[in-house]
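The structure that follows is given in the form of structure tokens.
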């Protein structure tokens, strides 16, 4: 039952936060419950519980392969949130803190959901719970971003619901009882009605792809990431997208069991490459360094879906990439948040010379940028290289070429923006603004820790992690 | 022991005979023009005089101004030592000595150009620029010629290369090398050794500020270079390999004389080219050598 | 016999789709939307006519209240606050959207033929109705500029999906069912709130003003 | 005693150097020198006959066990690395000193050690994954060293061009190594010549490493980077870093099978780079750009040798291949030595005058005699003039080419044009460096800065002296270095292992020695003779012109004018001209700039086109929600179609 604690504990924390009196002390709940969650997660990670086939929730290998990184990311972001919310003490943070914890709980639920309906409920609930986080700044821009996030995301999530129903009907039509647990669906396998399965797959891919932010359903991402605080961006990019990705993986397993795996793989590959291409083109031109992070996240979602399209080795690489991308992107979002706050603007048109004003954040930002563009020895380099290797092993020559070309274009774009804001002489307005922002350890340590984690993950990937990933692969691609 | 003797003898030959050639050329030119002209030994007198004369140094010039001519002279004489003298062969011959020879000429060129730039005079600059620029095409031609020789004889050392069985390409080679000779030694139609319009000159304008012993070194070096090219041309073309030493020696001398005279004739009958035409002529020379190479390639097949 | 009644209701719902597409007045759009929602709410009663239990009733009640009262109320409030009565120059004209909707409905029927159905569903309009509503929802969301109309479009979309979900009403556990329902309701509720906020910040619900975030 | 401990020591010292370099400059210098010396001795140990050194770790890094290997090829380049690294470290002490660059000097020291370390790893690791890591790190260090002086915009842009170009190269290496891993089933590297299926991978490697090596037309990053970097950085970039590209090509053409076309392509690239590179160099006015382009030429020379070797491999291990290859390998060292020497010289000129434009200098020999002397020596060497080292290596390459020609095999068709182009390149190199030396050091100072120049200090002269000694030694006693080269040739291709010195090498050395002595004697003699006769100083006789002014001297542009005209089709000079008009002409202007043709004429338009695509795509993110939802629907439909197409069973 301990896996349910992963869901219950944060929700309880949220309840406490909702009634907690002190605006200044409330943020401390975040690291406390985050820490509890991490402890639980890793305890389960090391001692994976047995999952009964019929369970609706379960800490199954797939959850085991990704949930810990989400929890870890959340803990670091929570630590950052404490000092962040101290800086933003002018705004009430009751809703913010409560919602963050709810999101954590729902993320755990989504990762562990083994029932299509519950998975959908959790994902939709996360979408709704993130809304107050998105417009924490309360500016009109923030509300516009939230509005778009809600409608585009809502449409997508609705489609995925339709898809889930289709899958259910596929089971009914195939003579099943329409039991929506993945175990049952996979068990029914070839019995599922083919047309319905394919319809379901398209709808689910588009639906959860919208939440992942695959092009062309990514349009909400730059707005949301651009307007939300850095922490929210980090958690969205590292956690929420992960739920959607695991959902796609789970459904992909069902489709594979129905014998349509090759079609699913083709769609995944195409949409992944398309996402990389689109995001690379956007990265080449964008002038706003927070939106840049959004596009880069789109690019990495593309890499994930390409990995998912490449069979066992590819999925293992993709799971690795979930970890490396989550951690690295996290450090980028947090340091970018610092720079944004110090500079007072996210646009490289009026931000320059941040290496002078916020040397530490700028250094972390540059390092993180190099890390996320697959420069060794950080983790993304290794995971992307594994994806590449899997692609080449499965003879995807053209796809590989496009993949590498997009990586290159993305590198051009990101270096352009990042050095644009880091180098040069700062404008006077920026100087005055930056006076009000102090690089306290509280805002420097978390991104640094994430970067260090990424480095450690790349160089010294613990064997148990690899074992967890291969276990997840074994779960998704059962070998009869 | 007789190695030393050999060396001394060769040095003597080169140093004494070389200045003869410009004299002969001038004599020919004078005769053609219907004048009596300066004595054939004029250059010897000049050298002797210059050697005793004092030196005027530009205030800007560094020691390189004097060192340049010296190095150039050494390089040229060294190249001459590598050049085999028909039956006498060469004092030391090894694979690739021909390349050393070519690059020694380049060293000499570098030093003269350097010495010319010393004074900071625009004219010398101009001359040096022309010298080094035209050298590019000349070098290409020479290498092509050498390649054709070595392809023909299957060897990379001068002694064997320069005693070819008269290859089919001999004529082409002769034409090419003769043009290169004119260019490298700054004769008409590339350059006019005895005009005083500096703007139109290459070599003379480079040595404009030199005087006394350095000038002597330069002039003597130039004559050595002329002889060197004449010998190269003659030995490359004449099939002296099989014939007896005496005949060969005679042929050699005769050949050199012919070359010298024809230089003189060219100078008297041709006008100097406009500078923009010079590259054209050099390219032609290069093409001659290239065709010679192709002929050697085809012909030497058996 | 229940099949006939069900088809009748679905037919009505499809009609409401066309009405929603055709009207230029927001109140009638909202009315159409909520009416459709209530129709859908009633359907479980017909489908489960033989084995009714309190859960079904609960679900039905929740749907009726949510879709019939709460959400329309929210939207009307926002509408009044923004005092707008009618949709102005939509991206997609009414006649075109009507035609598109009609074609969509036809296409829906055709598409439903293409997909294999169980014998008991073969003759019901559930699937075509669902697809038609989904299409209608999309048309509204893409074609209209007023935030409220887009929300209505979104709700009609959800209705369509709900309609499709009825195919599985026997197999889906009521917990999941109600969870989904809850999510949808809360979602729409939050959308309502955001609409309200936007109305206050931009003092208008004209989405053409909501384009500050762009490349 | 195996190289292992020495290498470990070098690693530790350099690693500590990275850490302490920021604070303690003296300790750092000591550490760096210790590290380079021990690395050098390890490499020499292997080159002088110790067996190859190999080491596999028990721990794994990035999921792979560390596998180090120091064989002939690695050792050859390691020697170069240690030489350049040590010399540069000493040179930087004054050149990029604490009090002139208080903020960037400490960073510079740390990055320097990191650079040496990563390059050393590139040379020794024998595992694809770790090779990529070391390679990327080394590229990154290079970037941060080039942009030490970050405040200047042109430095930053030059650095950026370098960064993206090298990343583009790395992308090809990603493809190369992961294909290798996918085909062989592991990242571990080593000889795998028998797996003929791997041959096509050579092309990936050629491009990937070629960008770093900077042969034409992949040299786009090189001129601006070398010109704008601090001179000690330019020295190591040009002397050592671009050789890493050569190392990659040599290493993997030795370990993997090569396609039969490889030799032709490489020799062609080499000849082209040699000729065009030096043509660009001759036309430059910025002397550091000139040096940079001359690096392109020398890389071309090296590639000619390598290409000839590859040709020989595909033509039944012909003997001439070995000569050419030996020449190329020796030229790797030689170019490292004299190009670093020249960049150091350029650095001290820059240090003294603050300008890189030759048309602003002149007459520096009076104030900077040492620098002038070293520069002339370097110029002679780089122009491949006897009796210096440059000639030795080019002579070997020539011999290889001539033998290939005389062998009359099909290879001759590559060898003969290559030889001719090499000759032209040699002549042009001579011209370029005659121009550079003369414009900087001879004549009258053209501006104030040139008048007030000053000689550089001991710390900058020392490294120059050391490198000059290397140049002279290799030039005078090439036979000493033959065993080393032969060893490397052997470890490149075991079939070629038995290889006695070509006899003339000894003779050549003897001739060189004699020549050197005679030259010195003659110069001294003529000098004394000139003084013995009366010696007067007078104004330059400028054709009777009474008051010659410094501005009247021949400028670098006019000096290069003729050749620039011949190569106008590729140089594409940009001229700005205003002729003097009227009876009293006011001002007349003639400006000439030689752009980086490939960058401006090819890469530029392409990137503009890409940016246009990007802008048009970015318009889709216009903020209208309706369209965003339309995109979702479009995605839905597209995927549906895709599934239907694929769904046809």
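Labels for the chains are A, B, C and D, by order of writing; each one numbers its residues from 1.
One rule holds for everything that comes next: contacts are C-beta pairs under 8 Å (C-beta built on N, C-alpha and C of every residue); 3 or more make two chains touch, one makes a residue touch a chain.
Keep in mind the model is a prediction, meaning the values are calculated, not measured.
The chain pair sharing the most C-beta contacts is B-D.
Centre-to-centre spacing of chain A and chain C amounts to 31 Å, using the average Cα coordinate of each chain. Averaging Cα coordinates per chain places chain A and chain B 78 Å apart.
Taking each chain's centre as the average of its CA atoms, chain C and chain D sit 69 Å apart.
Computed from the mean C-alpha positions, the centre of chain B lies at a distance of 35 Å from the centre of chain D. Chain contacts: chain C has residues 141, 150, 210, 212-213, 215 touching two or more partner chains. Chain contacts: chain D has residues 618, 621, 623, 625, 629 touching two or more partner chains. With touch defined as above, chain B holds no residue shared between interfaces to two or more other chains.
The complete set of chain-chain contacts reads A-C, A-D, B-D, C-D.
Residues of chain C that touch chain A in their complex: 114-118, 134, 141, 147, 150, 154, 157-158, 160-161, 164-165, 167-168, 170-173, 176, 179-180, 183-184, 186-187, 190-191, 194-195, 197-198, 201-202, 210, 212-213, 215. Only residues 115, 117-118, 120-121, 124-125, 127-128, 131, 135, 140-141, 143-148, 150-151, 154-155, 158, 161-162, 165-166, 168-169, 171-173, 177-180, 193, 195-196, 199, 222-223, 226-227, 282, 285-286, 291 of chain A touch chain C when the two sit together in their complex.
Of all residues in chain B, only 51-60, 62-64, 66-67, 69-71, 73-75, 78, 92, 94-97, 99-100, 102-104, 106-107, 109-110, 113-114, 117-126, 128-130, 132-140, 142-144, 147, 150-151, 154-156, 198, 208-209, 212-214, 217, 279, 293, 297, 300-301 touch chain D in the complex they form. Chain A meets chain D in the complex at residues 147-148, 151-152, 155-156, 159, 198, 201-203, 205-206, 209-210, 215-217, 219-220, 222-223, 260, 262-263, 266-267, 270-271, 278, 281-282, 284-286, 355, 370, 375-377, 381-382, 385, 388-389, 392-393, 400-401, 404-405, 407-409, 411-412, 415-416, 419, 423-425, 458-461, 466. Looking at the complex, you find that chain D touches chain A at residues 61-63, 129, 132-133, 136-137, 140, 150-151, 153, 156, 160, 163-164, 167-168, 171, 174-175, 178-179, 181-182, 610-611, 613-615, 617-618, 621, 623, 625, 628-629, 631-632, 634-636, 639-640, 642-643, 646-647.
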